[in-house]
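Each chain carries a letter (A, B, C, D, E and F) given by its place in the written order, and its residues are counted from 1.
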Amino acid sequence: MTDEPALTHVRADGAVLMVDVTDKAETSRRASAVATVITRPDVLRLLLAGELPKGEALAVSRVAGIMAAKQTSSLIPLCHPLPLSGATIDFAPGDDRIVITATVKTRGVTGVEMEALTAASVAALTLYDMIKAVDKHVVITDIQVTAKSGGKSGDWTLE
Amino acid sequence: MTDEPALTHVRADGAVLMVDVTDKAETSRRASAVATVITRPDVLRLLLAGELPKGEALAVSRVAGIMAAKQTSSLIPLCHPLPLSGATIDFAPGDDRIVITATVKTRGVTGVEMEALTAASVAALTLYDMIKAVDKHVVITDIQVTAKSGGKSGDWTLE
Amino acid sequence: MTDEPALTHVRADGAVLMVDVTDKAETSRRASAVATVITRPDVLRLLLAGELPKGEALAVSRVAGIMAAKQTSSLIPLCHPLPLSGATIDFAPGDDRIVITATVKTRGVTGVEMEALTAASVAALTLYDMIKAVDKHVVITDIQVTAKSGGKSGDWTLE
Amino acid sequence: MTDEPALTHVRADGAVLMVDVTDKAETSRRASAVATVITRPDVLRLLLAGELPKGEALAVSRVAGIMAAKQTSSLIPLCHPLPLSGATIDFAPGDDRIVITATVKTRGVTGVEMEALTAASVAALTLYDMIKAVDKHVVITDIQVTAKSGGKSGDWTLE
Amino acid sequence: MTDEPALTHVRADGAVLMVDVTDKAETSRRASAVATVITRPDVLRLLLAGELPKGEALAVSRVAGIMAAKQTSSLIPLCHPLPLSGATIDFAPGDDRIVITATVKTRGVTGVEMEALTAASVAALTLYDMIKAVDKHVVITDIQVTAKSGGKSGDWTLE
Amino acid sequence: MTDEPALTHVRADGAVLMVDVTDKAETSRRASAVATVITRPDVLRLLLAGELPKGEALAVSRVAGIMAAKQTSSLIPLCHPLPLSGATIDFAPGDDRIVITATVKTRGVTGVEMEALTAASVAALTLYDMIKAVDKHVVITDIQVTAKSGGKSGDWTLE
């Protein structure tokens, strides 16, 4: 069928490539992505103490996420390098979980979904690292893009 | 309560640190971790074509996962650098999802759970990157350690 | 003699520098470079099996080349960082050798010859790594730029 | 034929892996590799001036090679990370060419051929970068391992 | 008090972020920074021999500084990645000290003070590494920005 | 004079090298280093607020220092890669300055002075980055090793 979707990073001969975006216009772009860390309520309280004077666990996760966003094109083989112009990481704690939202901006020729996803994932892995000794059953889940704006495909928000 | 769990990477004064493992014994260690990518069945077929002559999408994900395992201590701030002695990435496709299993080995002083988790996560993000143009609703889910062996805490398998 | 050539990266006092390109115009630029891996015909057949369902050796080399292109300015001390906008790696096998062609694009202020050369070299080293156990006499040869376009010096092709 | 050579980094199912070396013994290992840069005699004289007070071109190449040796496992996807215990880069100039020899040492579980090859290649690419503006026909050639010692396979020298 | 200074990288809720510079104009920017290495006069003479045929110590420091400038946004967590368009490192030796000046240029949306500071610091640490075996009392001191130009805040020189 | 000190990283012919430590014994080693950031008292108060619920500036500096310690051999050209087994960063604030102490441990064949110095320097640069907008006269000073233990040269403390 001619309108079957095709992988954008794979040529007709099956070879992968970093696709040519030389002639795409530079515009302001933004993407947000989330990741959720599920753990026990008592472990979550240990993490959240990081916002009190006695701890800095969330700060470490935040820094790790921001630094990972800048490494995205070194980690994801076919990603274009982009000059990031902003990045934030936010935490929304629940009873037994904490939702991490990463928002990344650029003025560039491709979107920053992968940068936001990488930031959220590494922030989540950093929390995992700090709590794995007290909870062997931590799970990271629901990593996905929640919103993007800018570029030819326009604005989009996950419903 | 005195037997309350405590974060291993946070000191009594709240400061984070890379904990001292200088005197831990070097032993053979192994860890496996999984990540699941959920997408549409037609998109999954595009990925799986990577095992046929016409595509190499899964190979890219595999290479990205192995290379990311080696970058773990650069990504996760409080992780110790470890000399990895082996790494594999396996794919188990279902109807609308593909389960990625990363297995990492070392002969070192700490476990390799974070290396396995990082490998599985980056392999999943690499698939996400290749299919995001044809499916805006991809989700990465259920990232967790499934087995570990070696070290003082002994063998463990997720039930 | 006043028209003797001079190294562009070395000042009159002998010190090296990353030369100032602040005021050069951003234009679309492209460069291709090759590297040739010489081995035994039976070893070459093992590599080429990578394009059949049973192997992915060439895919690993391709990914390594693309990722190395993005690391060029971290490897070559006096190279400027450039936002790569595209990269491909192609393989042309002969009897006892395989020619690797890397093509890299940017919209930037300097050419991408070094990026294409680095991509071709690392793709070749990756093949070397996979076959060195079965052929101790592998040689990588004829690494050179074959074509470039864009920039003040205009288009050029190796004759 | 059952004694046909097989790629060590590819499993029976065609998947690549970082092979398991967990149980290999740590021994002192050494490898040397060469790369040759061919250019015009007048350009070669510019490079060699780097050993006189007025220039430092060869020093840059030497530093780039040593630093690249330490990045080998980040560049070559299936290479194991190794704690390098020594590295040198030497230059032997001829009429129209300069031969670069890299020697790398480790006390580890795998050989350091790839580290020596990567060092020699990046040292050569660094020279290429400095002379490409004055000679468009530079070629890097004859990259190969010339000697190795240590490990189960014993000492070996290219004849 | 409303005109109290505030940290630009910290939000009202105390969280750090990579601040949004998406809408700042790209202009030519330059910054210079210094670092001073204090050691014994006889040790300094060993370093300076690097400008004579018999040594290349200063060249190593220079290359390390230039390469570090390009890694600034990977080292300093909240720094924006910038496409550097030029970098130089200069040495001014005194009796018992050597002053390192790094000058970095970009055409970008933020200043390059951190890049110049990082280059000067790493160049100084590289000298420290080479002389620490002969002088245990080396000190690196007076690391600061000495001049900047470009951007909204205009030109500035340390008095 | 035969007992003149010589640079350990420079051969008789003037070439630099990564010195051969293959046969040195692995022992537990530790080094501490300091760096001092001098600023205005009102700016220092902004930084220290990072230990209160409303800010995390010191945590960012701490994380940056720990992560930089792990990158030392990528930044300092002739440094050997070492498997760090622990790292801490401490802050001692005064009226107009804050003293950063980095302590790094390894079980390896060379000392970790450079790792401790790099950690202290990058932690200081990270503070500089956060306060440069409110104080153009920040200075980083007195970067030096204060103590080391382990290895053939034994324990040593700066007097």
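The working rule: a contact is a pair of C-beta atoms (placed from the backbone, for glycine too) under 8 Å apart; a residue touches a chain by one contact, two chains touch by 3 or more.
Chain by chain, the UniProt names read as follows: A, B, C, D, E, F = Cyclic pyranopterin monophosphate synthase.
Because the structure is predicted, anything quoted here is derived from the model rather than measured.
Trainee: Pick the pair with more C-beta contacts: C-D or C-E?
Mentor: Answer by contact count: C-D.
Trainee: So which of C-D, D-E or A-E matches B-C, with over half of the contact pairs the same residue numbers?
Mentor: Checked against B-C: the matching pair is D-E.
Trainee: What's the distance between the Cα centroids of chain A and chain C, rounded to whole Å?
Mentor: Their C-alpha centroids are separated by 31 Å.
Trainee: Give, as an integer number of Å, the spacing between the C-alpha centres of chain B and chain A.
Mentor: The mean C-alpha positions of chain A and chain B differ by 16 Å.
Trainee: Going by the touch rule set out above, which residues of chain F reach two or more other chains?
Mentor: Each of 14-16, 51-53, 56, 59-60, 62-64, 67, 71, 74, 77-78, 83 in chain F touches at least two other chains.
Trainee: Residues of chain E touching chain C in their complex?
Mentor: 28, 51, 59, 62-63, 66-67, 69-71, 83-90, 105-107
Trainee: Per the contact definition, I'd like the list of chain E residues that touch chain D in the complex.
Mentor: Residues 51-53, 56, 58-60, 62-64, 67 of chain E touch chain D in their complex.
Trainee: Mind pulling up the chain A residues that touch chain C in the complex?
Mentor: Checking each residue of chain A against chain C gives 11, 14-24, 73-74, 77-78, 80-83, 108-109.
Trainee: Can you list the chain E residues touching chain F in their complex?
Mentor: Counting only chain E, the residues touching chain F are 4-10, 13-16, 42-43, 46-47, 49-50, 52-57, 60, 63-64, 67-68, 71, 74-79, 113-114, 117-118, 121-122, 124-126, 128-145, 156, 158.
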